[in-house]
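Below you'll find a set of structures to go through.
Each of the next two complexes has chain A plus one more chain, namely chain B in the first and chain C in the second.
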Partner chain A sequence: MHENLVTVSGGKSGSMKTTGTQTGGVQPSGGGKEHFDIVIVGGGIAGATVAKTVIEQAATRSPARHPRILILEAGRATAMSADKYDTYVQSYQQALAKVPNSPYPPTVSAPQPDVLDISRPVMGEDGTTKIPADNGYFVQMGPLPFGSDYARALGGTTLHWLGTCLRLLPNDFRMDTEYGRGVDWPITYDELKPYYERAEWDIIGVSADVGHQYYPGIGGDPAKYFKSKNTGKFPDGVYHFPMEEIPSSFLDEYLAKKSAGLVVTLKGDLGREYTFPIKISNTPVGRNSTPTPGYQPVGAVGNADQGQRCEGNSSCIPICPVQAKYNALKTLYELIVKYPDREPREGEKEKARVAVRSQCMASNVEHTQLPKKQGTVTGITYLKYSDDGSPPVRATVTADVYVLAANAIENATLLLASKAANSSGEVGRNLMDHPLLLTWGLLEDNAGAYRGPGSTSGIPAFRDGPHRSERTAFRVEIGNWGWNFPENAPYDTVHDLVGGAGTGTAQLYGRALRKRLGEILPNQFRIAWELEQDPEPTNRVTIDERYKDSLGMYRPVIHYDLSEYVRASLPWAAEASRQLFERLGIGAEVRRPEYKPGDYTHWDANDPSAVTYDGQTYWVRGAGHVVGTHRMGEDPEHSVVDGYQRSHDLPNLFIVGCGSMPTLGTSNPTLTMTALAIRTGDHIAAQLPTHTAAQPKEKKDA
Partner chain B sequence: MTTTELSNRSDPIVVFTDLSVELTGYDRVELAGTGLIEQHYDTLLRLIGEREAGHLLQAAAEALDADRKNHNGEALRTRVIESKLYGPVIISLIKLWYLGSWYPLPGSYADVNGSTAGDVEHVVSAQAYREGLVWSAAGAHPMGAKAPGWGSWAEAPALPSA
Partner chain C sequence: MNAQPTKIPTLAGLRAALQLAIGLELSTIPVYLTGLYSIREGRNTDTAQTIRSVVMEEMLHMTLAANVLNAIGEVPSPKPVDFLDRKHLSPIPAYPLDSPLISGIGTLELLPLSARAVDNYVQIEHPLHGAATLEAIPAAPDSYRTIGEFYHAIDLALNDPQICPDSLFEPVNQVPDNEYYGGAGDVVEVCDRKTARAAVQKIVDQGEGLPEEALHEPAKKVTDADRLASGWQMYSHYARFREIQTGRKFRPDQTAGETPAGALLLVDYNQVEPAEFVPRNGDGSPEAVALDEFDLAYSLLVDAVYAAFGGGISSRSEPPLTGLQVAVHAMYGLKHKAVALMRTPNPERPGRTLCPRFAYVALGGDRDKLIRRLEERSGSR
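Moving on, here comes the complex of A and B:
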């Protein structure tokens, strides 16, 4: 299928943007193709989880099987030692705009989206795009810009995630059956439960207390929702997390006290009233805390003593300085230390081998698939670049099993570029995120803002219930970092107080300034109302000849909007916030630069992510939850992968990651995605042919 | 700094320190504790020019002297902070101490005094960010540094006495 190869050199390079030292030519590598048992594209949590699971499960087969695995990573090899990791922390501290990707500079050849690039495309009267917003890596076709980013560096986006690890609720798996919305999953909560447990224990390391999870839709009993079938590990099925909960912040406790007994009442369609008793719930998170019996926390990469417990650095997004927060480097590091890619030494037992190659951009999935037919993947072609003025080198590797784990958007562009696995026409479609509405206020009391992890609690009340048949569910995240997100505080607070923009004279300085800051900053708080987005085929990632990067890879071209179903929850979230703020004694509307207790929430119409609904303007932010571009399902006509994330079209290809999720629910997606990846890993381990890659029984060459 | 240096009120860095104390509301020991007095002094000279910095510190020294005699901050306020010439620099200097970033002088200032290449918004150094006074004024710690320790965020907040 060489006609599918992306041609980077020669005549086609006219459409290519050549930047920096890139010469545009590609050198083919010499020699034959290397063969592995498994080739994984993408060194993030999805790829690392599949690799670790396959290795551990295949070793328990009889006879044991020790696969040789290659992980191809597009970005640079991020710090694998503590001293080098510190340079990323410095880079964050020195960055002017401390956005999620600020510690992780992209390479010229592996560009990445950045939230600073978000701008709004110009739409025509007829709803088509007149001028796309293409100033960043994404080509935004609108009508709304897609508001999330990801990192292209070894370790992937978990380098700058927050670490929230909520399971989906049982009804999230059966949205169509239960509420006539979206689609059902091919698996249920009960089927996924054992994999959730393994994701919490064996990959991420989650801190939480079962008894403090007050979710709707679980019959009122968290113990039952978490009840485990693994009675060997959890006697009587009484589940506990590997680590105790991260203490709730002083702010959480303050809000819990003030809002005790509050019941939010919201008006639905046809005058129907819905009530939501407010209960503040400590959030499970991939952040180290006190271990429960049988668990050993995983510390920093290359320095295990560090990061054994969260120290309250308050910078989980974008970088945890001590690595108390999980990131995928931890799993990758374990793999390369335990399973180096070399022949066993004298006296060593045979074991699996893992090779990680960074700066290797997968550019094509080679395959034999004809339109509407099944085929086989015959290799992955990649470009190894050095950004030193020399051209990238092209190579193709072969394997028995191929895994794409490059993040939902990159999985989609790679498949579309390769014309692979897309008989259903669903590749790239149903792109989802949690559009996030912020509300913020100044409390009457010092609640100790700017301390601790980004969030330690939430209000789960709106996550499930009959309202989901008319409008989307939402999760409520309480933020511990004051107005950092909505108002760029504390910076803008200092600008407001010092003042003098027009006059050139400082209004406040010295002791008065210091005192006033102490009265304002710790009283700031914000809430994020994270709306479940429903799958829509028109929200999609596509590719276009006109938009390629310096290596000649297709840049993601994104069409994105919020459905009526999602929009209908914007006024609900706003109203719920109003009732909560009222109870907190800060119902009065106030605006900067005035500072007194009150509700500072405002959404300006000129924001790139402004959305109007019922005549009211809101803005939504991206949550970084990039989901849904290769949905799973039983029917090959309407889904890209099956319940094991195996391609319907190309049975030796697994497409893993949040892209497989048919619906999003209100949980941050990574825990669920990790559970799915473990399930996939088990499946691959059970099916791996019995020979090993080092001594292939048959020559598998395309 | 030694005691002799401290007592030498005409030494520009001493003037700079005294001025910074008045502008930030943090005393000499607290400012010295940031380890940034010299760095910020150098930054000021570099970003507004040595001649302008010399004039500013001269004016500040005289005003501070007057205020010491009169036991108030009037001279500093009227002659430096409210001065057309020095006022904008004072604003940038306060923010430098509080936020660790340099914020450029307004165009109207540059029209008269010119501007240096470095006079654009930037984080002066990672240390300047970490030692930004805003964090302690908030009773917190810089995001991503000086972690206050496990569970500290659950405890009742306390502001260091101003």
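Moving on, here comes the complex of A and C:
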């Protein structure tokens, strides 16, 4: 209805009718723009967490403060009701390749990276990029392709995360001090601990047993590592998770039994030997389980009865069909139900207001910053698109506080495009992931593969220790879904058994095929060795006039490689795997299409993810952990945000998300991101000016 | 109300009533499940969600009745009971079911989702089962006109210290709240008279759909009940089924007695498997065997649920699974079997598919015979 209207000056356009007619007492600030207390860019877990935390904390201030918040989401809001979420499930069921983004249809207006697009740029002899790989959303400059993706839809990448909720280890916060690698964080584990607790209880809902967390670097006592200062909630500080652990899979128990007492020995530089006692550890996850007293699991959006417990649908990535796994839609839904964006009805108490606008692509952070000086953000300009291809409507909104929470890569491109918050020159730099090495084998026994969540346990032994000064730490994730990741099983296993590619005559079919599959598939298992990547300024997201999307937004241009520090751990992970497989009785090398117990790990040189180190080829996949790009630190010269994720350059701007993490550790980053977002939310709530959005703006405290 | 509901004068009568109450809650579940499982995958999602949520609350009610019964010293059992002057009433339903206890509820049939099926759901959940007044429902001796009357009689007996002295109540075999999967409503663990009555109160229909004068309290808006910490709202069963029946949602300011006047709620009755109930015939055909297999699975599930109510624990796993956790596996198994049946054509009825019978086969001779028959069949296949 407003296809011809490309630019509007304020909030009265048809596209914003819903709020335009309801703004009530809200006074437009200069230029007739809509004004909010807080504008958040990005409707994922970080933005939702900041919004919820600010609202709840500001309400406890005296006098109470009830902010009006706008959340701008670039993608669509398809799944905001239970039946619409089911359309995602159907897309997943119909997809031929069940990759992480397969349930979430792309839009050309807000394109998203996809792991199917990963290909390798062509590099010149001199190490420069000859032909970038730009067939997907990313422009890969190499030398390695960045192997991870994210989702651009309301709810963000929590739609297809696995749900792993590991806290960082204490030494992860002080890598420079402890190991002379990377940088230290401006905060410590003990400082972040209370926010971890709130992330586990108030936002995500984590299932785990403290006593089963056998991490290195915590002094051998999980109870001490988890000990809480919140003695009101946890008497004597004895911490427990809101829900009981998701039971370890049969495979986990099988591996634990077989590997009991195993000590992996690895040789380091100068012949130094490191030993790692192997202990299988049940992994904390954001997946509903039996609640402890007083905790109510949060079910599916708009369908609270569904998803009250994990049902073992075994498709956590890319989609939990019942939403037993946390996704940010749950928090967003709570916000819009509890805090609708309207004037209080008669007899209603005043409360906060949250507006979520999807299909709104933030295009510019308006600001007054001059080079090397502090400034102020004066607005967020965004493009509202309705149908792909029709011209979007441009609008600018203002706020007292601005929050970018759009994913590490999107935060970086938006800041670079806006020439904002980057006097350090660090925006976009230090891009990190968990480079992931897969090893896989066929066990002698039926270990029940393809059942339950993607992973229920890991081997934490390599996550910390003196080896970190010479090579990177890694986490070991035990996969419950057979060879689904490395060999596209069970489909490729079926192909192998049916065979006939050469002769046109099937080898196995019918009952015999089913029987043989029943002998092979449950014995398949794989391990992911997830390496900590260190921050490197040359691993970076940049923008380039030549690469823009259909709305004219910059596509991420990515330079990416693995440092010597990371690469040195590849042979270690491979050797640790060899020792473990040996112990499991499957040390012999075997290859498909033959099926007998053995080690099927193979890394051929022709794969886009191939990495060569010391004459040996490895496949290094992405883990979907997109981190770095606006690192936090105390020094504005070398960091983008401070410990509260506040921009050094633009004090009314908070840049939140995994992008703020100075180093990555070996934990999947979502839990840490959530804890940081809560800390930021507390900070914003305390600093929020005392006037309401309806009153004239006061001079802000800097 | 002129006629007083049949009084329950003794503890034995109260215990029998609660045995029958567990069966009454159980009896609605197959009716709803047949409708739910008949919906084709991915279709009629709103309707499927509604029916599913009601089923979960019926299971909650069943559990609450079991907790009350356990607390007054009797273990729930599927065996027939004598209630007042009536002998040998089976708590376990057989379909089509004319309730031995509630005269107003009508015949419970197992139907795939259809307009008629939804009419039945509305009748079940309406406080007067569709009648204009209580008096319009014919009464029978030692029975009740409505579910509400029945639970009212149970509540009166629970509140009578002559029947239930304080010392009677003990928290035996209580199913704890954390074993119930629903998002709305909690299991009440019963330890005394107060909690017993709270559990019964939770089961009783809250009166949606009745005229205000029959409620003795102001009619509630459909969304008044703000039951969840997250702010999510749940309608009554009656209101939810009315929405399906009328093809429209309620507006938030309406009461459940009104006709829904909100957004359209599309129900496509063609996206349903054409399942048709056929009584047991035991002819040995593959279809009959499949139906028998379902009955056995259902019977084992019912046994597992009753075992859970009897405090059963399976020690086969580590940590041991409690009773209801064991039953959960059987519940999922049942769903898959039901869906498979409903996709299987019935050769005797062209255009129709098989429909699970939800026939409980009692332990003992009949169960043994069924198992033997199925074993012979699987041996010959």
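In the analysis below, the second predicted complex is superposed on the first by the 660 of 702 C-alpha atoms of A that agree within 3 Å, B and C clash if a C-alpha of one lies under 4 Å from a C-alpha of the other, contacts with A are read in each partner's own complex, and residues count from 1 in each chain.
Going forward, contacts are C-beta pairs under 8 Å (C-beta built on N, C-alpha and C of every residue); 3 or more make two chains touch, one makes a residue touch a chain.
Just so it is clear, the model here is predicted, and its values are computed rather than measured.
Legend: residue contacts after superposition of the two complexes on their common chain; A:E311 is shown touching both chain B and chain C. More chain A residues lie in contact with B than with the other chain of the pair chain B and chain C.
After overlaying the two complexes on the shared chain, residue contacts for A:N303 are found with chain C alone; chain B is out of touch. Once chain A of one complex is fitted onto chain A of the other, the partner contacts of A:Y491 are limited to chain B, with no touch recorded for chain C.
In the superposed model, A:F250 makes contact with chain B only, not with chain C. Once the two complexes are laid over each other on the shared chain, residue contacts for A:P293 go to chain C alone; chain B is not touched. In the overlay built on the shared chain, the residue A:L517 is in contact with chain B alone; chain C does not reach it. In the superposition on chain A, A:A449 makes contact with chain B only, not with chain C.
When the two complexes are overlaid on their common chain A, residue A:K338 makes contact with chain C while staying clear of chain B.
Once the two complexes are laid over each other on the shared chain, residue contacts for A:T378 go to neither chain B nor chain C. Overlap of the chain B and chain C contact sets on chain A: residues 89-90, 93, 309, 311. On chain A, the positions that touch chain B within their shared complex are 89-90, 92-96, 98, 247-250, 253, 309-315, 319, 321-322, 446-453, 456, 480-482, 484, 490-491, 493-495, 498, 500, 503-506, 509-515, 517-518, 521-522.
Within the complex formed with chain C, the residues of chain A that make contact are 82-83, 86, 89-90, 93, 290-293, 296-299, 302-306, 308-309, 311, 330, 333-334, 337-338.
Of all the residues in chain C, the ones that touch chain A in their complex are 42, 45-46, 49, 52-53, 56, 178-179, 181-184, 228-234, 332. Considering their complex, residues 22-26, 73, 81-82, 84, 87-88, 90-91, 94-95, 98-99, 101, 106, 108-109, 121-123, 125-126, 129-130, 133-135, 137-145, 147-157, 159, 162 of chain B touch chain A.
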